[in-house]
Structures are given as C-alpha cells and as structure tokens.
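Written out below as structure tokens is the structure these notes cover.
Labels for the chains are A, B, C, D and E, by order of writing; each one numbers its residues from 1.
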Amino acid sequence: MKKSTRMIIGFLLLALLFLAVWLIERAMGTNSMVITVLKKGAVYALIAVSMNLLNGFTGLFSLGQAGFMLVGAYTYAVFTIPMAKRMAVYQYYQGGIIQFEIPFFLAILLAGVVAALFAALIGMPVLRLKSDYLAIATLGFAEIIRAIIQYDKLGPITNGSNLLKTYPTFTTVLFPFVVSAVCIGIILLLIHSTYGRAFKAIRDDEIAAEAMGINLFRHKQLAFVVSSFFAGVGGALLAMYQGTVQANAFKSAMTYEILLIVVIGGMGSVSGSVMASFLFIACSEWWMRFLDSELMIGTFKVPLLRSGFRMVVFSILIMLVVLFYRRGIMGDRELSFDMFRRRKGVASK
Amino acid sequence: MSHVLRLENITMQFGGVVAINDLSMHIDQGEIVALIGPNGAGKTTAFNCITGVYEPTNGAVYFNDQCIVRNQPTGRMKKLYAGDNRTPCEGPRIAMTPDKITKLGIARTFQNIRLFKSQSAFENVLIGMHLRRTSNPFSATFRLNLQEEKQMRQQAMELLEIVGLGAFAYEKATSLPYGQQRRLEIARALATQPRLLLLDEPAAGMNPQETDELGEFIVRIKDDFKLTVFLIEHHMNLVMDISDRIYVIDFGRQIAHGSPAQVQDDPEVIRAYLGEEEA
Amino acid sequence: MIDKLLPCLLSGVSVGGQYALIAVGYTMVYGILRLINFAHGDIFTAAGFFMVYLAASLPLSLSLPLVILLTVALGFAVERVAYKPLRSAPRMSVMISAIGVSYLLQNLMWYITGGLAKQYPVIPWLSTSIAIGPTSTKIVTLFTPVLTIILSVALVTLIRRTKIGMAMRAVSRDFETARLMGIKIDSVISATFIIGSFLAAVGSVLYFSNYTSVTPTIGAMPGLKAFVAAVFGGIGSIPGAVIGAFVIGICENIIKMLGYTTFSDAFTFALLIVILLFKPTGLFGEKISEKV
Amino acid sequence: TIKIGVFEPASGDNGAGGKQETLGIEYANYVVPTVEVGGETFDIELVIVDNQSQTDKAVSAAQSLVDAGVSIVLGSYGSGVSMAGGEIFQSAKIPAIGCSCTNPGVTSLCDYYWRVCFLDPFQGTVMANFAMDEKAATKAYVLTQLGDDYSTGLGFYFQRAFAALGGEVVAGEFPEGTSDFTAYLNNAINDGVQVFFCPTSTTSAALIIDQAASLNVPFALMAGDTWESSVILEAAKGKNVEVFCSTFFDEKDESSTIAAEFVAGFKAWMNANPDKLTNNGGNDIVAAVSALGYDAYMVAIEAIKTADTAVPDALTLILPSVVHEGVTGAISFNEIGDANKDMAYIKKVNNETGAFDFVKTQSVADLG
Amino acid sequence: MSLLQVKNLKVNFGGIEALKGISFNVDQGQIVTLIGANGAGKSTTLRAISSLVYPSEGSIYYEGRDITRLDPQKIVEMGIAMVPEGRRVFSNLTVNENLLIGAYLRKDKAAIAKDMDHVYDIFPRLGERHWQLAGTLSGGEQQMLAVGRGMMSRPKILMMDEPSLGLAPMVVQDIFRIIKRLNEEGMTILLIEQNANAALHAAHYGYVLETGHVAMQGTGRELLENRQVREAYLGKSAKR
C-alpha cells in the first residue's frame, strides 16, 4: 500500500470512529456511563500520550505529570468561571481578585501555555538530573506546586483548598475526542520528525546522542515543555470532564495511575497509550463496579463482594497484565496496517 | 602552520591517576594518523578530551586553529596536579560540549559500540544528520521541511550503501553482526558531515580477514569524503598499512612518533607495546 | 528559645530515626535491583496491622517476633511473586509491578480492615512517657535514633566487609556475570528483601508505638519521606539514607516550629531539589560516571 | 421498584464515615422498604456506589447512579465529592439530598442539591462561642489540613467567629499524611492557647489526641462533626486530654421520641448483623451521620409521597416544600436548599468510660 | 572419554535459530578453540554450556554427566568457569574484590590468597591498581581482570570468549602465553577467538563454526593449513 493511500484510509477510519462516537451519544444521550467513560478515556489518552512522549520516547523518567495537569486545570477553571458565580465559588475570598473571564477555547490554550511555562522554568534546573533522581525531583515539584496552589494566601486566585466549579464543561463527547485527537496528532507528528528521532536517540544512549551533535539539554527541554503543554491541555480537559477541580485530587497517585496506563499500553507506543487509557478507565470506573456491592443470586450470597473488593480485583488485574505482558499491550510498536497483515499471515500459516 | 587538530600539553587526571600526561600532537589535513599504546595508556581518554566528554585538567585543543578546549588546574586539582608540564595552560577556560564539537566537524566512534539500540540502521544514520538540520521544532512537526527531510533520507540511504549496509537498512541496529555494527557506527559518524573522524578501535572483534577489508574501507572513505582520520587500534597490520604517521603513548606520555617504519623499529615502542616477537 | 528548640529537635531526631529505618530498606533494594520498591511503605503498614491483629489475641512476647516473621515473609513473597518473574524485563515494568503491589496491598488492607483507624497496642516499655527538661516524650522517641544507628552500622559492615555483602554489590551490577561466579542471585536478592522487610517491621513497631493508629494508607507519607531521604543521601548509600533521614526529620520540625506549616512538605522537596542541583546523585551517591 | 441512589465513599480518606452514613440509609430502607405511589406500592431499591472520596472518581460514580435510573440521590459524606457529583446530577436533572456535607457551596452552586444538616458557618460559630463561653478562651490555635476543603472551611469560620468575639487566633496547616503533630502542639503550648480547634479527619484525629495526651497539653481539643466517631473514643480513652466536638445528633438525647426509637432500632439492627457492625467501626455507637442518612432517606420518601410520583423532575419541584420531623430535628428547606437547622450538639469525650458525654445544645438563637 | 561433550546443541532466540545442532568434544588437558565469523554462534555455545541460555534441543555432558539445564552456579561448582564476552567486570567492585568474587564458591582462604598473588604476578598492571574500581580501568586492563577472575575459581575447564579483544599486541602475546601456561598446569581450555591465527597456533584442536553449525574441524595445524580457513579467517597476515 502506498503511504498516501494509507494516510487516507487512516483518516477515514478516524472519521468513522468519530461518527460512531457521535452516534453512540445520540443513541444513549449525553448522560450515560458509556459517554462518561469515553470522555474520560479521551482525556486520559491525551495525558498518557504526553507522558509517553517524555518517559517512553525521550527516556526522561518524569513523575511530574499530575503537577502540570493541576496547573492546566486550575488555569482553565480560574479564567472561565462566570463573573456571576465567582462570589459563590470564592466564598471565603470575597469573590477572588480575578474579575474577568475568557472564552473557554482560549482558556484551554492558556492552560497548556502556563503549564509549558512552568515546565520551562522547572526544566532548567532539574533536567540535568538522571533517571530516578529526575523522577523524584519532578515528583517533588508536583507536590510543591500543589502546596502553593492550596496556599491560603493565594486563595483570592486559586480558592485555596476549596474546589472550583461552575465553569464551562463538555457539552458533547465529540469535544474531548476532537481536541485529544488533534493534540495526539501533533505529538505523533513531532515524534516522527527529526526531533522525534533525536528524542529516541537520547533515550537509547545519551553519550552517543551527544556525540552525534544533539544538544541534550535543549532537546530534553523541548520534550519536557511540549509534554507539559499537552499535560496542561489535558488538565483543562479533565477539569471540563469533572465539572469541579480541587488541587487535592492531583496527587502523585494520579501520576502513578497515568504511568500505569503508559506502561500497560507499552512504553514508546502512542496507540498503546490510547488503547490502555480507554481500557483502564472503563475497567476501573465502569465494568468492575458491580464487585463493590453485595450480590445475591437467589438466596446465595456471592462471597467476598463488598465495598473495596473492586479495587482489590483491579490491582490484581494490573499485576497480571504487568507480569504477563511485560512490555505492555503494544510493546513499542504502533497499531498499523502492516500489523494486521502480518497477523493474518501468521494466522493463515 | 595550520593543522586540522592540535593538542597542546594535555594532562588528564582522575583524582591521583594521571591518564594523560602533557600530551602534544597535531594532525594535518588528509592524513591518517594512528594513536597506539599499551592498554590503559590513555588513548581513549585522549579522544574523550578532544570530543568534550572529559574536561582535561590542563592543556588546550585546537581544531582548525579554533580553540575548542582549554583548561588549567583550579581548586582541588591545583594541589593534586601532577603533570610534567608545571606551567599551567594560558588563557580563559573553554569547555565546549560534545555536541558543539561535533557540530564544528569532529565525529567519533566508540570503543564499546554505542548504537541507538531500538532503532534501525537507517534511523541511526538519520539521527546523525539531525545536527545539520535547518528546521525548527515547529516546522519539523508540521512538515514544513519536507524537502530537507527527503534529502536527509536520501543521503542516509547513500551512506548506508557506501558502507555496504544498504541491504540491512531496516534491520534493528543491534541485530546486525558485530562487524557491520562497527561499519554502521562509522556511517552514523559520517552523517554528521565531519572534517575529522576519530575511530576508537574500529577493528576490535573482527577477524584478520575482516580487518583487512576495514583498512581498505577507511582509506576509501577518507578519500571520498575528504576526511582526516585519527585512529586508535591494536591490530598492528591495519595500523602499519594505512597510517601516514603514528603517535605512541605509554602512561599518558608520548614515547614515540613518526612513520610506521620508524615506530615499528623504535626499541622503546617494542619494549612497551609491540613485544619482541612482533618486531 | 531553648525550651522551644529542645522539643522540636527531639521530635526531629525521632522522626528522622523512623524515616531512616524505612529509608535504609528502600536504599538496599534500590542498590541491588535498581528498583524503587514502591511497596516498601505498604509492607511497613502491613507490619502495623499484623501487630494490631496479633496483639489482640496473643501476648506481646509472642506477637512481636511473629510480626517480624510475618513481615519478612511478606517481603519475601512480594519479591518472589512480583519482581522475580521480571528479572529480564525492562526496568520500567518492574517499577510498575512495584506500584501494582503497592496498590494491591493498600486495597487489600482497606478491604480487610474497612479503612477505619486501628489502635496500635501499647508496648509497655516503649510507650512510657518520660520527662526531658521542660517537655516530656515517649521512650521510643529516644530509643529510635539509637537503634537506627546501630542497625545501619551493622548493615554497612555486612555490605562492605562480608562475602554476602560483596555478592550483593556484584548482583547489583550484573545478574548474568554474577551467576557465572556461582552466586545464587535469587537468594541474594531475597536476602536483601528479607533485611529490608525486617527493618520495615522494626521500624513499624517503633513508629506505631509513637503514633498509635494504623490505617491502610498511613505508610504512604513516611514511605515517600523515607524515599526522599534515600535520594537525598544518594540512593544506594546506607549512611546517606540515614543522614538524609535525620536531616529531613529535623528540618521539617524546625520549619514547623517557625510557623511555616503550610510548606513543611514542600520545603522537604525543595531542600531535596536544591541538594540535587549541587550534587546530582545525592550526598553520598556514587557518580554514575560511565566510562566512554 | 423505585431506585434511590446512595452516593457515598466506601474507600479513600472518608470511607469510614461514608460507610456509617450508608448504614443509616440502609436502616431507613429496612424500616421503610416500600412507598405508595398512585395507590400502588413500590419496593425501594438502594443503588449504592463508592465515590472513593475523590473528586476525580466521583464523576463516574455519580454517572453510574444516573445510568441505574435512580429517582433521587442521597449523600455524600464530604462536600467536595458532593459538589463534583452535583454537576452530574444537575445535568441529568436528578435531585440529590446531602446528609452531612456542610460546605455552603454544595447547595449554593447546584440547583439540584438539598441537604438535611447544618452548615460550616454555623458550626464554626457555635464552636467559637463555646470556646469563648465555656472554656473562657481568649486565644485559640486552629489546625487545618492543607487541601481539605472541609477542614479549611470549618477552620475559616471558626477563626472568623472567634476573632469577631475578640479572641486571638494562631493558625497552622498540616499536609495530608502527616503523622507527627507534636510540632503543632508544641507551638500551641508555647503560644499559650486555651483551645486547640482542629477539624480534621478521624485518621489525623487519633494521632493528634494521642500526641496531645503524651505532651500533657494544657488546653482542650475541639473539632467539628467528623470527630464524633468511635476512633476518637478509642484514642482518648484512658488518657489525660479534654476533647470536645460539635455534632448533629445525640444518641442519648431522650427528649425526642423519634430519636429514641431510631437509636434503639438502629442498634438492634446493627447488632443482628455482624457485617453492619464492622462497617460501623466494630461497636454499636450511633454516629450522627447515620442519623442524618436516615433522615435524608425519610425526606426522600416524604418527597415521593407528596409528589405521588418518583419522576426526578417532580421530586425536584416538590422538595423545596417538603417538611419532615426527623431524628435530628425538624427539617424544612430554605430557598438555597439548606435545612433550616439551628441546633448543634456539643459533646465531650469521657476519658474513663470511653464514650461521649453530652455537654449542651447550642442554637443560633442562643448566639444572638 | 572427553571431559566435555556437546551433542547436537540447538538454541533458539524467539524464532531465530542461533545454533542449529552443534556437536564437539573437549578432551582433558587440551586447548580447544572455536573460530568463526561474527554471529556464527560461538558465544551462544559457551553461554549454553554455562546455562545462561537453555538449549531447545541437545545435551551437554561433563565428565560423563548430563549437565544440560543445570543452574549456572552448579556448573561453576563442578569446575566450569567462563570469561565472558565483553569483559563484564563488576564496575562497582575494586580489582581485588573482583578477583575475590571469582573465588566465590571456594572456602580455602589461604589458597585463595595465594591464587590472587599468582594473578597479580601474571598481570602486574592489576597489582598496581588493586584498589581501583574496575569500572574505571582501561579496556585492556578490564580484560586482564576478567581473565584473572576466571582463574580464581580454579576451574577444570576455563572457557574464554575472545580474551584478546582490544588488547595491545604484547598483551595478546601474554594472554596466549598464559593460556598455554594454564594448560600446562593442567587446566583444560575452551577458547573462542577472532584472532584465528594465534588461536589455532595455540590450540590442540579446533572447530570452525558457520551460522550455527560446525563447518570444519581438525587439529590446530590442519586448520591453519586449510585453504578455506586461510581465505575466510586469516586475512593478509596469513597470506604474507
């Protein structure tokens, strides 16, 4: 198949997917579990891919994702809460000091930009660090950002420890899908550009990469800033999905969750991250919910089922995936036409 | 007296260990110069000082008369400094990073092969071309550099053909046999469009037959690409065959210098390096 | 001033000692497997629950050793089930496995205990309050740092001077070659986990004697702090972990004493980052200088 | 059948409290398992979901209630998750009744939320007054948990009221996961405060009480409704420390027969069922949140009866006018959706018996 | 009977057959060499003998016992040591400790100390650096250390994978001298070399491997004189 025909088919498939999602929404109504899961899955897909860009493609072990999402989510929320509602939202701070609002699409962009700015600042000192030291430093920064946002004195801007609400949210599931798709598309383009190759070179061997004339710091910084930009956008989308944001939720556990998705999907596989996001969200928030409530089959009470059991089963599931799919669902390959062809070839043998 | 590469009084110390001791040498355009010496003499360290991987304790390196490295002992090293040359190098400290030096036109291969493991041979070469790009992240992402990208791919393919790896372009670099990995490393270095090529034991792990082929190959690319080659090697057949001049070092110090014939017969070199039988 | 500073230093040293015992466990495992054992904090918590449940039906003289035994067994089992099968897998998978184990342990503990805080049994001697100058504290506060230092000196000796210590260091670099030397790497790694879990068990007894309530997530924060301490000291270095833990414990308390309570955690991280900027591999970390 | 959603945490930081609240609802369902609508008797089925005490997980939990087709939702323990869920209920146009979420924002920012308990401004004011009046306090230390809206909110209102009454306040904040509170307690000792107001989760509470006792603190510990828990009793039992908390309900209050009936029935129900007893924390002490859960359920039933339908839209319309005589007092809603409640119970831990002693009731009227 | 017998050994790496049925013998007291182009499967053969990879088929006998798929440490215990390809010294251990760990399974302290002196005798360079971390040694120094470490277990068979890789000519001569000396002291040696010339000169018997199977065998001298071997492996040096 020629490259151009492949591209066309790819776009057609994507369009078909969008159409399917739109039809589902039509059929099930905006308010249904499928749609909720699809929304969150789309948001997480973007965030996971942005993390994969750092961890999987550039080999920078960063655990700061939740911090940048937090920045993005707050930037979005703070600037889009309608004036009329500010008094009630900033109940402890006389309506806060930001007395204007901006259109939501601008705010989404701004969310990315602010997160990217933070990343540029933070990157300057910490990107000199290696592997686990980098991880703990970025984790630390995420925690510091959270503490700052929760700081009482900044309450007039951030509302302190209290949540933000009443800003514009998704009206249709297509919105997060389109935004995520566009963002992931851009990340894909970057990965497959000469810069993306340089990222992978840095991942494979820093010393050799530097000897090939690749400026380590600048490229790491680029990956870090781009990843954070999209994490910020993802944070804004997450805020839209949730309808409320509170700094409290953006703990390291959230970063771990995303890291889990990335690894389960396969480090260095964009399609893996996307698939894993939807699976992970559906599994943890939807399909397994029944495990939490007691179930009677006739007069027989199914043992073990009670609150908390879902999470136990879920963590066992994760362990099983990690132990038996060491390199994740996709390894470092991508979903492609060739793959199916080869699969078929093997099957027909 | 314009040399392609000139080392001036380089001393490299690791704590108390003096790996290179007051080493001065020069290489001229179009030469193949070999650096030989016993194991641990400081050959690889010399390469590392030239390419900016290590910062020498004292001394300067000039590339086409441009100073790329210069340092003198400071702080703790002042006390520890044990080089022969007790007068520290003059001038402000210059410490270019390896990527800058590569950009100026010095490329290298590594003693222990360092290919980009997860990438194909083709991609390895493409990465070598990254530093000559004109695109910025934005134009590269949004494919405003199609022309350049096409050119890069074409050149990379040509390079692979030249080193005889055309057929293996899409193989994973690490799945290639050893000898071909060495060639791929050279192709990748060539991709950075160097003026000076540093080869660290390119024939290690090759059998004599392959080594012979490699020698011919090095001479050929030197001519084709108008390169200057600086080479570390323990295979004496190769070294004696292709080098114009040879520097011999031991314990970081130069012990001999001259044409292959001169060096081969130097008693000091025989004592320290070649051994009796070979002579 | 002194009557303000003394209690502050006192609790700083005590907190530092507790972090240190956990941090050493992290650092040992990291030193050998290059694995951040995220589950370590949860093993520590599990040790707390073992004690709560055992002490409910057994006398202390029995339950104490049993707790240590069970914790060590848990550490051993975690290694065998979750890490051993991944010996040849990419590093990231092992780490995810560690996160998975941590999730699993937390969720299991939640499921079993229902999530309510459980009171830790009183261990008579440790929990006794004594007066020091103007303030009073539990004996365990003073006992912890002393025991910590004794244990870590013993450990350092084990690793530097003994054959098994040498084997541990060898395994940490290269599994395959270590096997070629006749080293049973699985046993060496198990030994590491056993020592680490033992320290976690001891740490938990000291910790919970001080902070008498156990919840499924209580290990998370000391775990994180201990990990920060390990990084601070240069991960892989035992003296580094101990010193890092004490520095963090004391600084934290001074910051709180000065009234900057909002940023006490943030400060810990900021301190860590500043240290890393000057010493990118922590205070005593070996430089990862790769010979080119 | 008619489905009623129970939106409560069963895991996470507030899991323990959420379970107790759920117990109250379950008991209410046991007492009133059916409702008559349009002359026909319908079974009432509870649909219980776990919102994990996290705002980011609460969305899909709330959504699963909507998907299950509930007519009305009860809960949640914790204001943050209630607000997060409120978004979903609002867009699905399903009314919700909060049981113990005390943050003003729950109802003021959501048109579909009502609640049966009092609010933080009230509670904070009550405790400030109590500290002033009963403890003759002039100086108070307020310790709140960073990032916890309940804790900082209640702390804020206490601080405001206490300052308004002429008292002096020193504030401290601790990050989540803190185990060592001696620094804060020492600071309070050094500052010479008379009360230590620390509205926190029970996890931190147990640690604070224990450490306060071993430091022999010269002041009383005070907190809000979360501290009315067996965890607190266990922690304070046999120790030399004064602990007060305000709450919605007192199980020993004999003045109301409805309440007395509820307490007796609830205890019997729990004791007959070991699982329930475990969920309550291993004893049969009646938590105020259980009583509120019970009341919320009864209000929901009342609404269904009055509307004579279980269609969410109708319930939304009828709720503002519902009145109900509950075990935690008379319930009627104001225009924002909050219950017109004006009475808080103040309790003190009895260090010997390990139970709560009723101290007094305080109402807004008393405060003037 | 041979000390070490390899029978029809096959090794797979995820579908790729690296060894396609190799058989050879190593007799007591001999130096046996395996030569062959890159990727012929020489290292894989040694790794299979050491149980670092498990063969899919075939078996390995040592002193008449089947040792296929025994644990690596059992194999070392029985007296088969290996100097791995690429040196693989423990970079975080000192030179001294690296040698000590070579003697990990031995208990005789006095003899270990003696053997260590012996190693330092053979490689004085290592003696000078006995306190240095192995990771900072030069390539050649590391190679010496790897050989020294292999000797420390006092093996009956020492398998060496390209011991002369990256060594100075004089040291290469030394290495071959040492190999001969160890052999004279009674050690059986299985040697892999790219330096086919020197290897065949030193060896009693040699096998030529080609893409996973034995293409030729014979005594060292026979192979040296074989035209095919000369053309494929010995290069100009031999033609001269």
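Going forward, a contact is a pair of C-beta atoms (placed from the backbone, for glycine too) under 8 Å apart; a residue touches a chain by one contact, two chains touch by 3 or more.
The shown structure was predicted, so the numbers you read here are calculated from the model rather than taken from an experiment.
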Q) How many hops, at fewest, get you from chain A to chain D via touching chains? A) 1
**Q.** Omitting chain A while every other chain stays put - resulting connected groups
**A.** one piece
Q: Could you find the chain whose CA centre sits the greatest distance from that of chain B?
A: D
Q: Going by C-alpha centroids, which chain is farthest from chain E? Tell me that one.
A: D
Q | More contacts between chains, A-C or C-E | A | A-C
Q. For chain B and chain D, what's the span in angstrom between their mean Cα positions?
A. 73
Q: Return the distance between the CA-based centres of chain A and chain E, expressed in whole Å.
A: 51
Q: Report, in whole Å, the distance between the mean C-alpha point of chain B and the mean C-alpha point of chain C.
A: 47
Q) How big is the gap, in whole Å, between where the Cα atoms of chain D centre and where those of chain E centre? A) 75
Q: Would you please write down the residue numbers of chain E that are in contact with two or more other chains?
A: 136
**Q.** Where chain D touches two or more other chains, by residue
**A.** 10-11, 15, 19, 146, 173, 175-176
Q) Where does chain B touch two or more other chains at once, residue-wise? A) 44, 53, 110-111
Q) For the complex, which residues does chain C have touching chain A? A) 30, 36, 38, 82, 85-86, 89-90, 92-93, 96-97, 99-101, 103-104, 107-108, 110-111, 114-115, 224, 227-228, 231, 235, 262-263, 265-266, 269-270, 272-273, 276-277, 280-282, 288, 290, 292
Q: In the complex, go through chain C and note every residue touching chain D.
A: 3-4, 7-8, 11, 15, 107, 110, 114-117, 119, 129, 135-138, 207, 211-213, 215, 217-218, 220-222, 224, 252-253, 256-257, 259, 261-262, 264-265
Q: Give every residue of chain C touching chain E within the complex, in rising order.
A: 163, 166-167, 169-170, 172-174, 176-184, 286, 291
Q.
With touch defined as at the start, can you tell me which chain D residues reach chain A in the complex?
A. 10-11, 15, 19, 48-50, 54-61, 63-64, 66-67, 80, 83-84, 87-88, 91-92, 103-105, 108-109, 146-149, 151-153, 156, 173, 175-176, 275
**Q.** chain C partner contacts - residues on chain E that touch it in the complex
**A.** 50, 52, 71-73, 76-77, 81-82, 84, 88, 90-93, 97, 100-102, 104-105, 135-136, 149, 153
